[in-house]
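Let me give you the structure first, and then I'll get to my questions.
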Amino acid sequence: MTISVNSKEQTLEPESTVQSLLQQLGFAEKRVAVEVNQELVVKSQWNDVRLKPGDKVEIVSFVGGG
Amino acid sequence: MSELFNTVKSFKLGSYTLRSRLLVGTGKYPSLEIMRQALDASGCQVVTVAVRRVEMGQKNAEGILDYIDPKKYIILPNTAGCFTAADAIRSARLAREGLGVDWVKLEVLADKKTLLPDPLGTLEATQVLVKDGFKVLCYTNDDPIMARRLEDAGVTSVMPAGSPIGSGQGVLNPNNIRIILETIKVPVIVDAGVGTASDVCIAMELGAEGVLLNTGIAHAKDPVAMARAMGQACDAGYYAARSGRIPKKLYATASSPWEGLIESVKRPETIPGE
Amino acid sequence: MSELFNTVKSFKLGSYTLRSRLLVGTGKYPSLEIMRQALDASGCQVVTVAVRRVEMGQKNAEGILDYIDPKKYIILPNTAGCFTAADAIRSARLAREGLGVDWVKLEVLADKKTLLPDPLGTLEATQVLVKDGFKVLCYTNDDPIMARRLEDAGVTSVMPAGSPIGSGQGVLNPNNIRIILETIKVPVIVDAGVGTASDVCIAMELGAEGVLLNTGIAHAKDPVAMARAMGQACDAGYYAARSGRIPKKLYATASSPWEGLIESVKRPETIPGE
Amino acid sequence: MTISVNSKEQTLEPESTVQSLLQQLGFAEKRVAVEVNQELVVKSQWNDVRLKPGDKVEIVSFVGGG
Amino acid sequence: MSELFNTVKSFKLGSYTLRSRLLVGTGKYPSLEIMRQALDASGCQVVTVAVRRVEMGQKNAEGILDYIDPKKYIILPNTAGCFTAADAIRSARLAREGLGVDWVKLEVLADKKTLLPDPLGTLEATQVLVKDGFKVLCYTNDDPIMARRLEDAGVTSVMPAGSPIGSGQGVLNPNNIRIILETIKVPVIVDAGVGTASDVCIAMELGAEGVLLNTGIAHAKDPVAMARAMGQACDAGYYAARSGRIPKKLYATASSPWEGLIESVKRPETIPGE
Amino acid sequence: MSELFNTVKSFKLGSYTLRSRLLVGTGKYPSLEIMRQALDASGCQVVTVAVRRVEMGQKNAEGILDYIDPKKYIILPNTAGCFTAADAIRSARLAREGLGVDWVKLEVLADKKTLLPDPLGTLEATQVLVKDGFKVLCYTNDDPIMARRLEDAGVTSVMPAGSPIGSGQGVLNPNNIRIILETIKVPVIVDAGVGTASDVCIAMELGAEGVLLNTGIAHAKDPVAMARAMGQACDAGYYAARSGRIPKKLYATASSPWEGLIESVKRPETIPGE
Amino acid sequence: MTISVNSKEQTLEPESTVQSLLQQLGFAEKRVAVEVNQELVVKSQWNDVRLKPGDKVEIVSFVGGG
Amino acid sequence: MTISVNSKEQTLEPESTVQSLLQQLGFAEKRVAVEVNQELVVKSQWNDVRLKPGDKVEIVSFVGGG
């Protein structure tokens, strides 16, 4: 199925969880935070939340800022 | 012996007890290594970072965090780049989840040109985030009334701009900062506009609890040496503010005694002023 | 790694090589013990003293000198209280004989009311003392032309007043100090007028080689803490002056990046400035 | 004979030297400097310089000053 | 011949075309007669009045209006004394009914101590009054963002405070006024804080369309002479702002020519700077 | 009725009784015709000119004088361009002979780069010219002590520089001007450094008897309009200085009364500050 | 009946209009504006609007202000 | 004979006066002032003062200045 991650198209297995998406992208072990359709998904739920086609996912980390 | 001189000058900010009153941003340094050295030279304990999307395919997403020793520094995420309360609230929640901290430096900007804060969006976001359990350190303009509204809304710190972000003009309106300090009980931290060490010193002498800056260090020709200067100026201003400075006069009082002068060769008929 | 940050910042003044750029007077402290502590807290290496008649019958004539550790401090006698070149010259010679030093802080004052220096008497005394082998550190007004005349007359340091002695107004005319620094080759030390730490910081940021003060510390409510503040501000200003500060702008440059922002909920139709 | 020391009258033995004056006043061992009639007298000459009646002597030390 | 010098410098404010850019308040004069003379001396065309309850039993309720010649002055009612949008709206409507004018100087104050404007109440009242057909001249702080919000809400003029009402501190933050003038299209009139003539002159030189003041004249020792000074300073600032002032330099350009000098007696070996 | 407002504000300078306190130079205008219009617009009564060699072969040697109506203006020759007392003295004598006036604006400059006055040469020339019967209006730095020496030497007016000639920085050190005004009895006229109208206004508000300028008008984009601005600002400053301005406060006093307010809809529980 | 005028009690004839109140108080010919219970009453309606017991009336004029 | 006028060489009749020099140069009627060898020559003496070879003459007028 196809979803959007950080505004870019991303295809992945149907029924994928947030956790599996992060693994696929290599961020599972990183210090990142995730939104699905503008709602925060806390780490403890990464395994439970399943993604649907068309979902908009934001994966963020941290950069220098003032 | 000077009480003050012996007192450890720590203060409480959010959940933390801090010695250093200088908070330093991590943006726009020539390199991460120079940033690391500058943070060290500044003596700061709190550093700010921004929330941004990971670079797809780029595996090492943390970058900046690798250069900030968690044993030495407390990380304060900001909501820089947000122009609406809604975006600022989302950024704050993402930051809390990603960093496991309970505080945020709230910025809701009005436009990209002046980077001045939007008072209405800032107040709106503050109300939501405070209800959501955040300790909000709130960037705002130097209007004493907005500062009071933010305190009423439950902010942990009011952070008035000395002058526009990155303008390097220091504290343009000390009068407003003085009124804020008179009326606000939560810590007041001057944020933005600092160009050089004396700007930090002046902000502290006005009575601010601390100063937050970034560009003044990061864009100096020698960020590490400027960081040291900013740290020392912050301490200097802290002590000066509490040492009871002498009043200003048109002129003048002698620092050497008038008694016991040798007899003048040809005493001028009249010494003016005598 | 920052060159500057590692460089030992010593400089030459007269016959001495100094680390500290703060010179501190010894007059008007609440007590000699507080003076001793303040000198220590300031980190200064040079302290000034005045020449006065011994008190007849009072056996312990040295007093002040007992509180100035010769291993820690270099003593710089002044000619404070002199209103004529002749008296200043005599005082300088008595000081040289009594202390065994070859330098003097020359002050020839015009009147007791303003304590402003007398340009003519100052130049006259300078010419005699330089010929007599003195290293003259010369207190003067902030006129760049008089500063040049004094340099031509062979002074070791030009010491322009930031503002009248004891007025606590800081550097009233940075423009004149800048012109002096542009045209004078000997060390320029801002002398007099310093009221608080930021005044020292600003003087150093202008490019002065050092700052001399007394009342600002001695008459502060807490002289020891203020002394510490002055010392730190002097260092801060020294580093800031050499770190290449950012330019001043009406506004503004962001310290956090614009890239990688999360997608806005309801992007405001137009972001002003974009 | 009578001289003036720091503008005060002082009587002492005729032929006294600067050294003997300082001893008499108790400043011989102190860090002081001396003028006779507005001319500096360096320490090495304290024993040689004899005072005359009416001489004006200044004896100075050091105090706090800025 | 100077275009500007011949141009009649009238401008449009609300429904009126005005020559004078000085707006003067009618409060706190030693007497109504002195007020009348001061208004005359100032050359102003617009005067502000406040809405207050009639004194029961006191038959001559108009008082002040008898001293304001309707042929010479346009009356601008204010909402001074209101601390809520609701009260300001009621006062504005009462004023419109009582005076038959369609404009109001909107003031919604935050507290009696600082008399600073309440940004939220001000914006709220503006939205209602504009919808109700008022031409709103809006007293506000000097925040460029609030100024923009007020313009978006349809105010006829943005009136930022130079400094707090009655403080006599002039324009404390010229930087903010400059940014406001850059971004706002409706007339900007600096309101409040003016202490003396040069404050008016500086506000106009920044580019303000006009200046509104009251205490600076009314509480001067000689209100009539100060009124004249304020009026002249307003004109002077108007012309200066449009005459293209010379840039500031560290130093210096000669105003007399270097050519054709008589031959020097003993030309100094070298003229520095040549 | 205001005494001041009715008083004709003429003052005595040298042999003349003047209404206008603005003295204007005639150098560096785009054209002689624009100069003529600017002098007229400024309302000045005294104009300065410089002494220079005639152009050989060029028959019309007077040039400038043809554009200065002797019925409207009094000519004050200067010694601009002289770097020694001797040259200044010769120029003064040539001017007196050529113009048949008994006064001179004395300038002895130290160098061409800063155009700052040479205190020693200035004092030397003053002594000779005063003995020679000149009324000396003396350009000097802003040092109160040199001002006193010049008064002792018999000058008719002390003319301290607000800032370097042509720098357009206004009065950089009001403190020094204040001390000069406190101690000098002859008229003090601020000379040089004026960049725009508010600079003139501020100089007059400090209490100066008058202001002399040239570049600020001559090099403005619109010299005629700027001349008008300078003239009005001079008047404004004159009246303001004598009208007893209100004191400066952190904040605030209401200009509208607190009594007689309508009853508040929902009176805020507590009005802060009450 | 009794009403409140500028927070002071005022007794007047039942059925009185705003106009009659103003006449009674002597403000009918003055430049004043009137609110009844926080609603503006324009001059053209002074004759029509009848006051009820307990009405809160505000009568305002103008004073010096900045 | 040859003299210097404003640092330029000038030839004129021997025995010439300042007045004749000014006439020759066309400045006699102008508002000018004259120095000979750095000494001022007042107008009333222009007819009396005779110039000698090598004399240094300054003839000045007025220009714009501040």
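The chains carry the letters A, B, C, D, E, F, G and H, assigned in the order they are written, with residues numbered from 1 in each.
The rule we apply is simple: a contact is a pair of C-beta atoms (placed from the backbone, for glycine too) under 8 Å apart; a residue touches a chain by one contact, two chains touch by 3 or more.
Bear in mind that the values here come from a model prediction, so they are computed numbers and not experimental data.
Identification of common neighbours of subunit F and subunit G yields E. Checking C-D, E-G or E-H against F-G, more than half of the residue-numbered contact pairs recur only at E-H. Each chain's centre was taken as the mean of its CA atoms, and the one lying most distant from subunit G is D.
Averaged C-alpha coordinates put the centre of subunit C at 72 Å from the centre of subunit G. Subunit G and subunit H have Cα centroids separated by 93 Å.
Computed centre separation for the pair subunit C/subunit E is 43 angstrom, with centres defined by C-alpha atoms.
Rounded to whole angstrom units, the spacing between the C-alpha centres of subunit D and subunit F is 56. Among all residues of subunit D, those that touch two or more other chains are 35, 38, 58, 60, 63-66. Residue positions 25, 27-28, 50-53, 78, 80, 90, 94, 110-111, 114, 116, 148, 164-165, 167, 169, 175, 179, 183, 214-215, 218, 250-251, 255-257, 260, 262, 265, 272 of subunit E each touch two or more of the other chains. Touching chain pairs in this entry, ordered by label, are A-B, A-C, B-C, B-D, B-E, B-F, C-D, C-E, C-F, E-F, E-G, E-H, F-G, F-H.
Subunit A makes touch with subunit B in their complex at residues 5-6, 8, 25-27, 30-35, 38, 40, 42-43, 58-66. The touching residues of subunit F, when paired with subunit C in their complex, are 110-111, 114, 116-120, 123, 141, 143-146, 148-149, 163-164, 167, 169, 172-173, 175-176, 179, 183. Contact residues of subunit E toward subunit C in the complex are 148, 175, 178-179, 183, 250-251, 272.
Contacts from subunit F toward subunit G in the complex involve residues 255-257, 260, 262-263, 265. By the touch criterion stated above, subunit G contacts subunit F in their complex at residues 7, 35, 38, 56, 58, 60, 63-66.
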